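Heads up, the next two complexes both have subunit A, just with different partners, subunit B and then subunit C.
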Partner chain A sequence: METFKILQNYFQQLPIELKLVWVLSAVLTVLAIIFTVYLKFLRNTLREKDVLSVKYQHKYESELLSYLFEESDEGELSNSQNEFIKTIQSKCDNKFKRKIIVETLLKLKNEVSGEIEIAIQNLYLKSNLKEHAYQQLKSKNWCIVANGIKELAQFKVKEAYPEVKKLIKYPKKEVRKEVELYLVSLFHFEGLDFLNNLKINLSEWDQIELLEELKNFDNQEIPDITLWLNSKNDSVVSFSLKLAKIYNKYETVETLLELLNHKNQKIRIQVIDVLTHLQVLDAKEILKNNFKKSSEEEQIAIFKMLENIYEPNDEAFIVENSTHKNFEIQYLALKILKSINEKTFNKLASESNYYNNNVVLKFVQNN
Partner chain B sequence: MKETKNIVLAEDNTTLSQLLKFRLQKEGYTTFVAQDGKQALELIELQKPNLILTDIMMPFISGLEVISHVRNKLQLQTPIIVFSAAGQEEMVLKAFNLGATDFMAKPFSPNELIIRIKRILT
Partner chain C sequence: MNTTTINIIIQIIHYLFFTYAFLAIFSYIFLSLISASETIDYFKKNSFVNYKKILSSNIAPSISIIAPAYNENLNIVDNVRSLLSNHYANYDVIIVNDGSKDNSLELLIKAYDLVKTNYLINPQLKTQPLRKGVFKSTNPAFEKLIVVDKENGGKADALNMGLNISNSKYVACIDVDCLLLEDALQKMVKPFLEATKKKVVATGGVIRIANNSIIKDGKLMKINLPKKLIERAQILEYLRSFLLGRMAWSRLNGLLVISGAFGMFDKKIAIDIGGYDTSTVGEDMEIIVRMRRQLEEQNVNYKVAYIPDPLCWTEAPDNYKIFISQRNRWTRGTIEVLRKHRKIAFNYKYRNLGLLSYPYWLIFERFAPVIEVIGIIYFGILIALREVKWDYALAFFILAYLFTFLLSLGAIYSEELTYHQYKKKKTGFKLILISLLEPFILHPFILYAAVRGNLDYFFNKKKKWGKMTRKGMGNINK
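Let's look at the complex of A and B:
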């Protein structure tokens, strides 16, 4: 009691700044103690959850294997198999257990094919797991919605198409990406019809993921992409240009030539690249005629095209641009000229004052 | 009495390893499961198996290192089948260069694996 009074008197005599420091220290100490206790509690809870998760995982793993290898009559499930389905159905309402069950099924489904994969697929459909994924699509939390779509795609639930398609304009791009992957992974090229009316930007990463998914199919017969090439959405045009290049869509050449006048420079450059890949000679004349009106980036793309599909009659055009102010164009022009007509190249090279930059010339001469 | 053949299975996906163990035991093989490359090497040295099944990507020691250890350090000619995921073609080539006998790309059919094992072990 005495000590407390001494401390109280001491505290009261202190200047206001020191009092504040003491109060602040006391508050911070209390907070530190609270957080330490909370962290300890959190760590213990997480550890317990992990232990429980491993325990359930082992349990469901062995039950799943018994289910998969149970001998049963042709087309009929045995009593113990039906029992396992009922067990899953009863655990579905428990979010924690449901997550472990789905993870266990996926862990195996992703690694095996054939009968076992089909059996896991059927198990998913027969239990209430599918219905819960449907419920997730209605969640207000975008993360849960995205997970629901991903799960339906992983278990190839085609019937969810109407519900999933509705989410194509979802505000969060993560959800939209899952919708796109669902459509493509389950409906292949037909799934790309969402591009017909897509107003939202399709990011580069989304495009890469879609192309990667499309590569997995045996049927590589891609439908007509003209509609997407003419889309008002530049990202759709860019994606369909990638499709045209990868799948060698020669039938789109006419549309591609029209796209050389696209308002977006990036698209125009991409078109030149696709036309180069498809070796469209008609494009070369159009581009040469519009060369001076084109931007420097486009001019570089045109010369890259010429490098791939040059002809002897391109010589005059190349000589004209062999002193271009842009290093890359000058280099490409000299390189092509050397290949087309070495005599002209040597003649120009001998005119010492013709080139401002002799380094490029010497490099081309020696290589 | 017919001698049972030993197989060491190195696979970090516990569900898949349990499934394969179950399936191999059903076919009459004695299976030893390792969850990583380190355990696999211990089991190989201890059990001297007739066949090794190994995943390429594993914790601690990869499948490639397991093959290299078996062929170069232990100087064993035990057949080795490697499992690889899609897009690991380069790894598969490396595995063959190191001395792998066969490979199966994931996802694979366990029935097909059994056929290949039987063909190798007879």
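Let's look at the complex of A and C:
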């Protein structure tokens, strides 16, 4: 008590700035103690949560397996199966348990196919899980909305289409992406119709995700993509060029040739790449004529095309560019020239002073 | 000068120190808050990412991992195995043996069935010449591997050789002694691919300390807290730096450094700006500053991204001698880079770079040790003159100490709530303990190394990298 009084008197006679420092130190000390103690609690909670999560996963997994493999009358569920559905329904309000149930269903769904997969899907529809996912779509939190869409896509709930489609212009990118994936994973190429009026850019990442999703289907009959190739949205054009390449859309060649004049250089380069893949010889002459007006990146793309579809009548053009200042173009030109006409290549190599000590020439000569 | 004038001067000095300390504290709080917000945002967004799709996609962009190696025979075979086991469809691994005097090359040749091959190198960046040449494996299992043996030219020179060799769109430059997690490339390439408004030119990742962790066949099996205090203190320091510092600078688009241990670049841009600078020991910071400087001058809308996932694990110095040598080099690197690009400082034409990032680095990184040393000397003079007001000194010391402790706690919380890597019981207590000790067991050595770095920079120009002896990650604890 005496010490406290001494401290109190000492504190009272201190100048204001020093008082402030001590008050601040006291506050920080209290915070430090609280955070130190809470850290122990937090670490324990995280550990317990991990343990609990594994425990419930095992529990639900074995119950689910019993449900799936239980013998029952044709089309009718047994009492224990109905009991299991009721159990799931009752757990749906608990966020933690619901998350584990959904994860367990998904895990098994991804491991099986056929009737069992359909049974898991039916279980999802019969329990309250689907209703919860619908509820999530109405949330004001983008994260919950995106999660709801993702879940509906994973369990192939096609009936949610009107609700999900409404969200295609959602302000948050992540939600829009989930909508796109929902549409494509459930409605395949037809789901791509959101591209018709897409104003926002599709990132390269989104495009890869969509293309990978499309690969999963048996029916690889792709609809007409001309509308998307002519889109004002460059990312849609880029995406449809990828479609043209992957699905060998020869019928789009005319549109592709028009796209060689696109205002965006990246698109022009991508078009050359697609035309190379489709081996469109007509494109070669157009590109050769425009070669000097093209950017260096386009010129490289043109030579990559020639590397794939060169013909003897390209020789003059190749020779003309065999001393190009760009390393890659020079290499490709010499390589193609050697393949088209080795005599001309050797003659050029021995005559021209330009090639003296040239690493590119030596490399092409030796390989 | 009369007594009043001296008193006024002393008062001014006090206020200058006070203002500096206040601004430093304020900046740390500000950056921590931004980091917290950015981390939460990252986690929310990342929960919807399906990395498996990019993993299997054959249209995913190509990446070259470039790893310079100099006398790394202790670990090189295992480390290359770790690099080759990355989960990504379209990548290769370029090991640049930078004139090693040991048997690194022979070990690689034997382990990976390498044979010399004809390889056309586009000499876009000037480097030291090849020594024994370029090697590729005859074994299809190692078809992604390219080993280049060249004359010694330093790390930057070796990285430039890697840039010349690479045919990929992106390059991941890493230290060969680092251990990459299998999903590292998928995660690092994502910022480049998801950007639609700004062009992402580089991505940096978190570096974590693997001392005492269990590593088998180039894979991280179990994460342990190291036993030595110096190693533990560095873990805390890295957590603070990466989780609280760089995350915030990423949000502010003001990152000035991507750790040389692991960073990814748009190769075309890296080459267009001239590659790595071979004349500095801070080549990792220099390339980012130069990149940003040139892009600002060209008015390009760009971003240097950063991801907080613990993807790259490295060996930290386990003794003070090596630690001081490392920090000495970092200090010299920072001085060299900031001096070289001083045009940026407080220059509004460089926007955030000139008005925020550069000034922050100059004032709170470059000058911090200098100011601290001046403060200590000044305090010593005051003691000698019996002018110290001990009640003030004690109060401010306690306040500074508590703040440092709380900041470290913030970093620990950030780790626990995100990646929770140190799961073992009692680790929390050990981390708290090290937070309390770190100002005494690590900070004085950082300060000493920084002072030595300053002196070496100005008076010992010949000093370059200094020696970094490694035990090898599998052997750290032996």
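Assume the second predicted complex is superposed on the first by the 320 of 367 C-alpha atoms of A that agree within 3 Å, B and C clash if a C-alpha of one lies under 4 Å from a C-alpha of the other, contacts with A are read in each partner's own complex, and residues count from 1 in each chain.
Just so it is clear, a contact is a pair of C-beta atoms (placed from the backbone, for glycine too) under 8 Å apart; a residue touches a chain by one contact, two chains touch by 3 or more.
These figures come from a predicted structure and were not determined experimentally.
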Task = Classify the contacts of A:Glu174 with the two partner chains as first (subunit B alone), second (subunit C alone), both, or neither.
result = second
Message = Tell me the contact category for A:Leu68 with respect to subunit B and subunit C: first, second, both or neither.
response = first
Task = Could you look at A:Leu46 and tell me whether it touches subunit B, subunit C, both or neither (first, second, both, neither)?
result = second
Inquiry  = On the A-aligned overlay, A:Ile116 touches which partner chain: subunit B = first, subunit C = second, or both, or neither?
reply    = first
Message = Under the stated touch criterion, which partner chain does A:Ser25 make contact with: subunit B (first), subunit C (second), both, or neither?
response = second
Message = Going by the contact rule stated at the top, is it subunit B or subunit C that touches a larger number of residues on subunit A?
response = C
Remark   = Residue overlap on subunit A between the subunit B interface and the subunit C interface none
Inquiry  = Quick check on the complex: what are the subunit A residues that touch subunit B?
reply    = 57-58, 61-62, 64-65, 68-69, 104, 107-117, 216
Subunit C contact footprint on subunit A (complex, rising order) = 14, 18, 21-22, 24-25, 28-29, 31-32, 35-36, 39-40, 42-43, 46-47, 50, 143, 146-147, 150, 174, 177-178, 200-206, 208-209, 211-213, 235, 242, 246, 327-328, 331, 359-360, 363, 366-367
Ask   = How about subunit B: which of its residues touch subunit A in the complex?
value = 13-16, 18-19, 22-23, 26, 86, 106-112
Inquiry  = Please output the residues of subunit C touching subunit A within their complex, sorted ascending.
reply    = 44-45, 47-48, 50, 53-54, 56-57, 59-61, 118, 120-124, 190, 192-197, 391-392, 395-396, 398-399, 402-403, 405-406, 409, 412-413, 416-417, 420, 423, 425, 427-429, 432
